[in-house]
Structure formats: C-alpha cells, structure tokens
Amino acid sequence: QDDALDIVFINDGHVAPYHVAWLSGFEDAIAAYDEAFPDIAITGRWLSAEGSLEKMIQQTEVTINEGPDVMFVNAINVDAFEPLVAQAQAAGITWIAVHSPMDSADYSFTLGDIANGRNQGLAMCALSGGEPFEVAIMLGQAGNPSGEARHAGILEGISACENVNVVAEQPADWDTVKAQTLAENWLTQFPDLDAISGVTDGYMYPSIAIAANSGNTDIQFYGYDGDIPIMQQMEGGQVMADILLSGTREGWNFVQMAYRIHQGEELDKVYDFFTPLVLTEANHAKALENGFPADVTVYYVDQALDVAANGYLEFGPDSVQ
Amino acid sequence: MTSTVTVNPTAAKAAISGLTLRYLVLAGLIVLASVGFSLANENFYSLVNIGILLRSIAVLFLVSMGMTFVMLTGGIDLSVGSNVAFAGGVGVITLTTTGSAPLGFLTAILAGMAIGTINGIFIGRLKLSAFMVTLATFALARGLALVIYDATSINVSDPTFLWLGGTSWGNIPVVIPFVFCVFVALSVLLYRTPFGRNVYAAGANFNTAFVLGRRPERSVVWIYALSGALAGLSAIVTVGRVSSGQPWSGLYLEFDAITAVILGGTSLFGGRGRLLGTILGVLLYGIIINGLVLTGTNPYLQSLIKGMILLGVVLLDSWTQRGKAA
Amino acid sequence: MNNRIDMKGIGKSFFATRALDNVDFSSVAGEVHALVGLNGAGKSTLMKVLGGVIQRDQGVIELNGQPIEIAAPVDATKHGVAMIHQEYSLINELTVADNIFLGRELFIGGTPFLNKREMARRVRAQLDRFGLDLDPASPVRDLNSGEKQIVEIIRALMSDSWLIVMDEPTSALSEEDKERLFGFIRRMKAEGVAIIYISHHMPEIFGIAEQVTVMRDGKIVLSERTSNTTEAAVIKTMTGTELDDFVKPVKTISDDVLLDVRGLTHAHAYQDVSFDLRRGEILVLTGLRGCGAPELAKAIFGLTSGYEGTISYRGTTLRPGRGPAAAVRDGMGMVTENRDKNGIMAALSVRDNIALPFLEKATRGGLINAAKVEAVVAKAIRETSTKTSSPDQEIRFLSGGNKQKICFSRWLDEDLELLILLEPTRGIDVHAKADIYRIIEELATRGVGVLILSYEIDEVIMLADRVITLYQGRSVASYSHPDFDKDKMLADMAGANLPAAAHA
Amino acid sequence: MNIGKILRERNIIVVTLVCCVIFFLISPRFLSVDNMSAISRQIVPIGLIALGQFFVIVSGNIDLSMGMASVFFAVLLGVFFGLTGGVGIGLLAVVVASLTMGGLIGVLVAKLKLPAFIVTLSALFMAQGLSGLVIPRGQQIFLMGGFFQFAGSQKIFGIYLSFLFLIGLCAAAYVVYNHTRIGAAIIAIGNSEENAKLAGINVDRVKIGIFMFSGLCSGFAGIMLSTRMGFVQPGLDGNGLLLDAIAAIIIGGTLIQGGRGTIGGALWGIAFIGIVNNALNLLNVEDVWHQVFKGVVILAALGVNWLLWQSKQSEAH
C-alpha cells in the first residue's frame, strides 16, 4: 500500500446519543472503506473535547502536528479556530468545518439548522389546529451554535401563525436527565401545555416517558435528529414531526466526503447535508390544508425510517466506486 | 542552663527525603509516561508537540499554583474555571469598548480578583464552607460570563492582547517563560515572606494563627483574591490562545487543577505541600492528557485508561512512600 | 487475680531519635508504678508501645509470664489495658457519653441498637462522683480542658481494665479534682488494679506510688520502691545533676503601671474585677477551675468583647475584642491553656511555630531573613532547653512538655511588654520548670509585666510578686511577696473568705 | 426544645422554607401537590447519592465517583435487560457490582492509604469509560416492562414509590447513624483517625464499609435513574448529580472536612437543591441567567445561614 488516507474527527463531545450514533457510523465507514479499497490504507480517529473549548484546541493542535489528510472539526466556537485553520492548511491538511460553517475552511459541512428548525416550527403551526396552542421549547446549552440556530429556526417557523404561543424556553444542556426534570416540571406547571419542542431527539425520550407516566396522551412532541426510536412513535403516536439527520448516516457521509476529496474530486465549498422534515402522511396532508408550504420536502415515516436505518449505504464504498 | 538541642543532621535528612522522594517519583513518572507515549506515537517527542503540550497546560499551571495556596489553607476553590471565563469577558469587553489592551489586562485581573475576594470574604470572614461558597461562585461567575457575553463569543484581534497567550518563540510559547516567572514570584511569596508563612499557619491551625496575631481571616481573603487574580491572568492567556473571548472557556479547569495539586503531594486538609509538587503534578497530568489525545483511542476507552493511569500514579507513590514520612 | 505485665528490652527509634533503648518495665496488680523523667525522655513512647499505639522495634511484652502481641490499641484493650493519653484522645464532635463508651457501647438486649439511656445513666453517675455538673449529651468540643481531662479519666476508669496507664492525668486538674482522682486510685489499688502513673509532680508520686522508675534519654536509670528513695534523689537521677532550684530574687518594682483593669464584668465569667499590673511585676491570678481567670486574660488580650468595665494598657483604654493581632503589635504575648486547639500548629515545623509571631521583624525588604529567624529560633530552643531533633522537625512529633515549651518560648522577644501565661508550666518537667521560672523572672527584671494564671499553689507562691485570688469570677483578696499565706489563699479559692459584696 | 431554637440550630430548614415562600409568591403553582410530587421524584437519584456521600464525607473522605458510577450502573442494568429481557439478573448484577466497586475503593483508601480524592476520581473516569464500552455501540437501551414502570412511576397514597424508597433508606440510615455503634465510629474517624484507633475502632473496616455503602447507593441511584427515564444511555450527566448531591449535604450542615453532620440536615439540603432546580424551570429563568440565579440563591442561602448562626451565637452570650 503506497497510498493512505488518514481522517481525524474532532467533536465537542461524545456522550449525547446523537454523537454516539455519529461515532459508530464513522467507525463503521472507515472499516468498510478500508476494506473496499485495499490500495488505500484508510484510517480514522475520533477525538472528543468533552465540552471544553481549550481541550478542543489542544486536540486540534496536536492533530495538526500529526498531519492527517483530512480533519473534520465540529468547533465549539468557530472564532477560536480561525488561526488553527490557517495552520492546518499550511501543513497541507484539508479542514472541514462541521455544522458551523467557516469561510476559511476548505469545506463546510452544514445541516441547515435554521431551515430545519423553521420546518419544525411551520409543521407545528400547521398541526396546531388553529386553536390557542401552548408550546415549551427545550434548548441546548446557552451559546451553543447548533442549538441557537435550531432555536432561532423554530421561533421563526412558529411566528408564521398567531395561535402558537411559547410559554417556556429552558436549556437542558443536551442532558437527558435535565430534560426529564424539565418536562416533568412543565407538565405540572402548564396543565394546558399542548406541545414540547426540542432541539435534539435526546430530549424526546425522557419527555415522552414522563408524559406517558402521567397519562398525558394529548401532548405533542416535535423532535430533531431523526432517531429511529422517536420516529417509530410518529404513526398514531404523539410525536408529530422530526428532522431526519440520522447520526450514523452522517458519520458515513463524513468518510465518503473525505474519500472523494482524497480522490481529487471538486466538492461544493459548502456541503449541505440533506435533512428533510419527517411527518406522517396523514399529518402532511392535514398540514398542507392548513397552509403548510408545499415546497418543503417531507419524508413520510416509513421512508424516513428506512433512510435512518439504511441510508448510510447511500454513502458507502459503493456510492463512490 | 543545659542545652538539649540535639541537632541531628541525619534526622533532618530523613525527614526531608520523604518529600524529595515524592518529587523524584513524580519526575520519574513524568519520564515514564513520556517514554510510554512516545513509544505509542513517535510524534510525542517532537518539539512541536512539546510546545503544544506546554502551551495547553500553561493555564493549568497558573490556576494550580493559586489552588495550591488555597489548599494549603485547607480550602478549595471551585470557581477558578468559571472565573477564567468571567474575567476574560470583562477584559475583552473593556478592550472592545476602550481599545486599550493594558486596560483590558487590568480589568480582567481585577474581575478575577473580585470573584476571589467574594470567596475570601465569605470563607475567611464569615467562616463559611469553602466548598459551598466557591460552588456558588462557580455558578455565579459562569452565569455572569454568559450574561456579559450574551452567550456568544467575541473576536479579539488586538496583537498586544493576544501576545501572551498566542505568540511563540520558535516552538516555545512565550507564556511558558511567563509561567516560570510567576512560579518564581509565587515561590518567593510563599517561602520568603511573612505572608507565605501565614498561608501555612492558617491551614495548619487557624485558631493558633489567630491567637498569635497572624490574622488568618485576612490572609484567607488575600489567598482567594490571589487565586482569583491568577484566574484573571489565565483569562488573558486563554483569550490569547483562542484569539477570542469565550463564555464557556475554563470549563472543568478547577477539577484538573485540584487533581494536579493533589498529585503534587499537597494535602486536601491544609498545611502541607509545596509549589514544586504542583508544577510536577501539572506536568504529569498534562502529559497524560496530551498522550491520550495522541493515541487517538475511542473516547470511552480513553476515560478508562485515564482512570487507570491516575490510580497507578497514586499506587506507585504510596508504594515508594511506604515507611517514609511518619 | 494477681496480674502483672512485663516489658522487656523494649527499643524504639524515630528516624535518628532513639526514643527507647532496651527498656525493662513492669507493673503489678494492686500497685501504682510511677514513671518520671525529663520532657522527651521517652515516657509516653514507652506507654504508647504498651497501648499498641506505636510498634516497638525490639523487645517483648509479657502478661503473667506469657508473651503477648500488642499490635493495635484493640489488643491492649483485649488484655485489659486502658490508657489516659497525655494529648486528648477524645472525639470532639461526639457527646460525653458517646466518648466514654466509644468502642465498647452498651446495647439494648441482644440487638445492635445502642442503649443510650443506660449509658447516659452510668456516665452521669460517674460524673456525679467527680462532682462534675455536665450533661452526658453535651458535645465534648464545648468542654474546657479540665473537663476533657476528667472525661478522659472517667473513660479509663469505666473500662473494667486491670491496668490503667495515666500519662500526666493531673496536668489540667484542679486541686480538688486531683484529690478525687487520688481517692479513686487508692480504691482501685485496693481492688487489685494496676496503675502506671506518669507525672512531673514529685509530691503526687511519693503520695500514691509504690514504685518509681526514672527514664533519661530513652533508658531506665533508676527503679526503686518509693519507700527506699527520696524526691531529691529521683530528681537528681533525671538529669544526673542536682536540681538547680529556683529562688526568687529580691527586687523592687517600679511604679509604672502597665495594665490597669477596672470593674471588669462579663456575664457568667467574671464580675467587677479590678487590678493593676506594673512594669516588671509578676502578677498571678489563682483560684479553682471556673474562677474566670482565663476568660479575663482573654479579654485583656483582645480575644473577647462584650464585657463591661475598662482595660487600659500603657495608659490607653483598649477597645473590646480588638483582636490578638493588635495585642501582639502592642507588645503583648499569650500562652493559651489549650495547646492543641490554639497553641501549636501541628503540621508545621518547630521553626515556624516559634518564629511566627514576630516574623515581620525578621524581614529585610519584605523578605524573610533566614539567618535572623534561625538565630531567634535557636535562642528560643536553647533558653527553654526544648528537645527537638532539629528546628525543621514537625512540632507534632515533639513530646508534650516540649510542645508546651515552644508555646512559651515564641514570645521571648525583646520588645515584649506584657506576657500573659495561662498555666505556663503544664506538663513541664521539674528541671525545665525551674528554667522557665528563671526566664519569667528575667523578663520581669527587664521590665516586662507578667500576668499568670496558675492553679498550682506552690507555683503561685514561688513565682509571684503579687497574687490575686479569685472565686467564681470575683476577686477575693490580694497578697504581696513575701507575705503569702498559703492556707488563707486556699480558703479564698474555695470561697470561704468571700468579701461582703459577693454575698449581696 | 422550642421552635425558635430548632429553627436557629437547623438553619437549613429556615432557608428552605424561606425559599419556598419566595418561590410560591412568584409562582403560586410552586406549592401545588403536583409540583411537590414532581420534585419528590426528581430528587431521588440525587438523594440516594447524597445519602451514600453523607457517610463518606462525615468519615473525612470524599467519593467523586458516585455520579458517573450511578450512570454506569444504570447502563449495566440496561445491558442485562437487553441480554436477558428480565430485570432480576440485572438488579443482582448492579448490587454485586456496586458493592464490589465500593469495596475496592474502600480497600485502596483504607488499607493502602491512598487519597480518596484521586482514587474516586479515577473510579469516576473508569465508570465513565466503562459505561460507554459495555453498552453495544454506545446507543441507548429502552427499558420497557412492568418493573420499570412500577418502580419509576407507581404511587402509594399519592407518593411516588421511588421517593418512599429514598425516605425508607434514609430512615434506616438514620437508625444506623444515631442508634448503633457505627454512627459514633464514623464521626470518630472523621474527627481523628488516630483517636478512633485509640478507642479500639477498626478504622479500616468501617471505612471499607462506608465506601461499600456509597457504592451501593450509586447502584440504587442508577436503578432509580433508569426506571425514571425508561431508557439508559452512557452520556447522562452523572457529575452534575454528584455536585448537586455534595452541595445538598454541605448546605445541610455537614462539614466537608468530616466529623460532623446530621441525616436530617442532609435531607433538608436535598430538598433545598431539588427546590432550587425546580424553581429555575418554574420561574422560567432565561437561559443565560440560569447559573447566575443558582449562584445567587446559594450565596444568599449561605448568607442567611450565617446570619442565623450569628444570632444563635449572640444569644449564647
């Protein structure tokens, strides 16, 4: 083997369910690509900064010194990484900014967080039924870019209608235990609460569990991430909408992207990951009746589940051969 | 009058060697860890990596030295990490509003000291639990940082402000000689001035220190203020390092600092310990963290390994200390 | 049963300090065996070996001729050995009753539940026998040192042991309590209990002990029946030299009033106390424990506030509760009565413990001048003949008496004007005691006013230029050297000669 | 004892009640039965960790591993549930594993005299690592079925079963602490290990026992966490639970240096922390102000504590 592709992924954490899915997709993809392309030694590493910016910077510096071919950085804060981007590029490393785009980076891998959030909000408007509708929103950690973008999008979507009223917004810091406490407190505080919206599906699990325990069968949930167990609860359940990200799928996509760059392909500078809104077919119809824009791409549950479960294949070695 | 002073040189030597031995063991472990990691990754020993390593623990050095003072009094300062964010915020905002870097430095250090002084007054004067008080300011300072930054970061491009934390002479970050100067200054303060003796006295027996007229309650206020000032200094370094002011900077710094200080042989219960131990503790801890990054294993496996290494360090230390220090 | 314990060839070293060197020591049921020696001679160490607190390097311990293993305090307890330690071994946060029964609690029937009522009852009964008005449920941290000592004694007495080691049990006791203790000792002796008794007070020893053993530098230098020897002989063997007895010099005292206390009153502590202290005068306050003198002394040193009346020092009235820092700055010094609580800093070196109060004076340009400090420390150690392996030694490794000497020696500064001493010679051996008396006298000659609280009448008479007796916070009478009437003083202290005002 | 004296001696009660009144005035719903019942369930994991930690701290040590360990035990339960489909073996495994882990920590601290801070810190890291490694691919596991439903949300006489479990365990701990010889031994060790040894207490054994109990409490906390959530996942914020638990005990009057503390005080401290966390949501504090709010409330509580203490001091004279 004379050719090698070394990929490093630096993430802000490794404990949120979504990150875990990412990591497993990433690792699987590395193994699959390495096997599929015996002439290239494909290796990958995943580093977690455990939420600490300084640690992330150290990891980035160390990584640059190691000189991999491609590095993905899900920066806790992009400003802090500007100097490092230059340093990496000087060392001949391709820098891919993940989720929060950076002008200086070679590529940015984005999710369209604001658009996705807006779609969630619009869906809520359309499915709220026109009556006064109370929603509480679970946020990420204060200042977290993804969380803030999603939050801004959701508010934008909601503002399309008059009847949806945000009664509470609280950060759950990406932590499911906090999210559960929050859900429990909201359900007692707002007996008329109609919906809980969250910036990650990680918040949905405990919220759904709390609602089920307290016998609340009316409340609606609006998720984000496309976790399979959450989408499974859409048909006939209380989960009304979700955003199909799918961590594993994204993890595979990273590797595909790195491979294509390695092969010398020209990619768009900003790679926008395709993340459709997920609704049930019935709800989609209902939403359209209530003025939900027809041009928003919507996946129905079966399709979404299929993509979440097998969509990674779309980015597997076959996709580039 | 009969003199019964039996100044016995061997006895004194035996007593000192308990401490010296601990430092030797730490130094040995540092060598061992570096060799281990350099076997795992040949890059470990590159000058660049050593520069990165030193730069990444510069702040830990500063904060841990302050923590050593605090822990010598039997206290603890959980607020330093948040304080780094808060002081940085004050400094950066001063910089952006006035455009003056020195003024920014000054306000950053003063802001750090302010939080430290609150700690000190509650702990030294009102005699409240250091753990509880600094846990409150841990939340408070982080909260204030989020509020003044409005949870977003602020870019800094002023070269003076970035100089300390961001510049390198070759592979040596300028902050390292700076840390060394701080170490020397603090050593003089701790070992050669009455204030330094007061630190030990307050930790060894607050009541006695009080009765001897050493005003331990006042010393404690100053010690926490010093810890806060060092957090302010760290904030300046951090801003330089990340060329921006960040509301979430300094996260978990206090736990890393306490760990390093304890690894360096300072007792949690006050009265015992030295700055040199802390320096070695920080180095060892920093090498472990840096080395684990280089090995690039799964993050969960890294946690496991980190835990095992820490345990191994104290096991080895206790094994060599056995029979030493009574 | 006629138990005996024999320690044979016991050796123990701490680093280079040979604390015990081939020591043979025995104790027989029904006898009191006194162990004496200078501070740091190794008495406590020997007893700690017996109690399983520290491990010997050499030697055997035999119980009735059979070697026994004592590896931990539990083993000693198992073999019927109880100890009253020189340094308090009570648990501050536990109650009196819990402390006394710690490690051998009483249970309700066969359950694991404590029989608190029964324990409290028994403790109260013992406290009554000691005439101590204490709630068994009060935490030990609130007790004064005398009360702690009694609790410690009661704990040993209630342990059903056949051998009780008493390491300076009377150092914090009032005369009355001492007498009570001796009563107990005699009774126990009759019941076949063996007692090892460590003390620096020869009269006590010759009053109750059958056998006396003298240690010097970790070796036994004399072991005799008390009936076959004399106090002087024992004292002499302790050093190998005659006791250089302290004789109070004749002197005239200036009229320069240093300290003037007027109508000092503090609820529950002292009432309407007035006196003055001139430069160069040694004024001793005496009374029984609880006479209020320590509280009074603390008020003068600025430690307490909330009193009525005035304290003027060098002609100015002191602000109540101004704090010890101001006191030290103004040339006052104080040795407190509770060495562990606020006398020493256990983790620090002898040097730190001595040098601390006057560090500022030994600085140059803000930095400590090591040579100066070293000189001060060496002088303090030398003058009080403190036994320490080096000034770097952590003070907690010193013997009890030597710790006490350091508490005293740290004040020997040239700018000292008023020295307040609470029980200054507690636990100090007879030779060193004479040295300390001499130092106090020298200080007085230099013009330092010395205010002493002492409960030992002989010490009071030997040392004082003037004595004020106190009873329950009131001053009873004042005596001037050399017109001391010991009997009348004792009567004052017991409350027999109250001035008319006190009865009102 | 009169009420005034109780209030002054148990400052935390006053502080907690004052907080309750303030929160009630701002949001009357605060004192609703539903809200109180919600709080009672939320504090269970923190309460269990606090209870175990209480003994550790009174004995003069600290156990930093308890939060992450409880996450690990929750995950362990989930893994066994995933493997066997039942809870019996899982519960047994958690109990055995938690006792073993506590025992190991105890031996290292008691016998080898290693600093508890570092030993339990390494246990924290190991628990964190293991919880990600034992769960296949680190994904979440759903815990469905009667037991989880029952233990997590069953109420008896309107009170959550999990809360009753916490209270029951606290009551048992109270009896052990105040009415058996173990309590005095723990306090003695926390005050002075040497003196405790002099009194013939087997210090090592007590310490190992304490850490085994704290391990067990982590295990229980893990079980309660999993039953309440209905699923487990390695990324739960165990350290947040731990900090809250330590704060609860200390604000409840336990000395962090060891040697002093009451179970009752600890319980009130737990209630205080639960109420403050609840108030954050209930008062809908804006996200950037969260931490400020927490810091100010704790500082204010400490200040009030101090004032009450001062008034007690001046009364004593």
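For reference, chains read A, B, C and D in written order, and residue numbers begin at 1 within each chain.
In this section, a residue touches a chain if its C-beta (ideal position, glycine included) is under 8 Å from a C-beta of that chain, and two chains touch if they have at least 3 such contacts.
Bear in mind that the values here come from a model prediction, so they are computed numbers and not experimental data.
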If every step must land on a chain the current one touches, say how few steps get you from subunit B to subunit D. 1
Touching subunit B and subunit C alike: which chains? D
Maximum centroid distance from subunit B, chain identifier (CA atoms): C
Subunit A to subunit D: how many Å between their CA centres? 34
Using mean CA coordinates as chain centres, what's the gap between subunit A and subunit B in Å? 37
What is the distance in Å between the mean C-alpha positions of subunit A and subunit C? 73
From the C-alpha centre of subunit C to that of subunit D, how far is it in Å? 44
Shared-contact residues (touching 2 or more other chains) in subunit C: none
So which stretches of subunit A touch two or more other chains? 14, 23, 142-143
Residues of subunit D touching 2+ other chains? 132, 138, 234, 287-288, 290
Chain pairs satisfying touch are A-B, A-D, B-C, B-D, C-D
Touch list for subunit C against partner subunit D, complex: 51, 53, 72-74, 77, 83, 85, 89-94, 98, 102-105, 112-114, 116, 267, 306
Partner subunit D, residues of subunit B touching it in the complex: 74, 76, 82, 122, 126, 128-133, 135-144, 146-147, 150-151, 255, 258-259, 262-263, 268-269, 298-311, 313-315, 318
Mind pulling up the subunit A residues that touch subunit D in the complex? 13-17, 19-21, 23-24, 139, 142-143, 168-171, 173, 175-178, 180-182, 184-189, 202, 205-206, 209, 212-214, 229
Within the complex, subunit B is touched by subunit A residues 8, 14, 23, 45-48, 50-55, 57-59, 61-63, 65-66, 76-77, 79-80, 82-83, 141-143, 148
Considering the complex alone, what residue numbers of subunit D touch subunit C? 175, 179-181, 184-185, 187-188, 190-192, 194-202, 259-260, 317
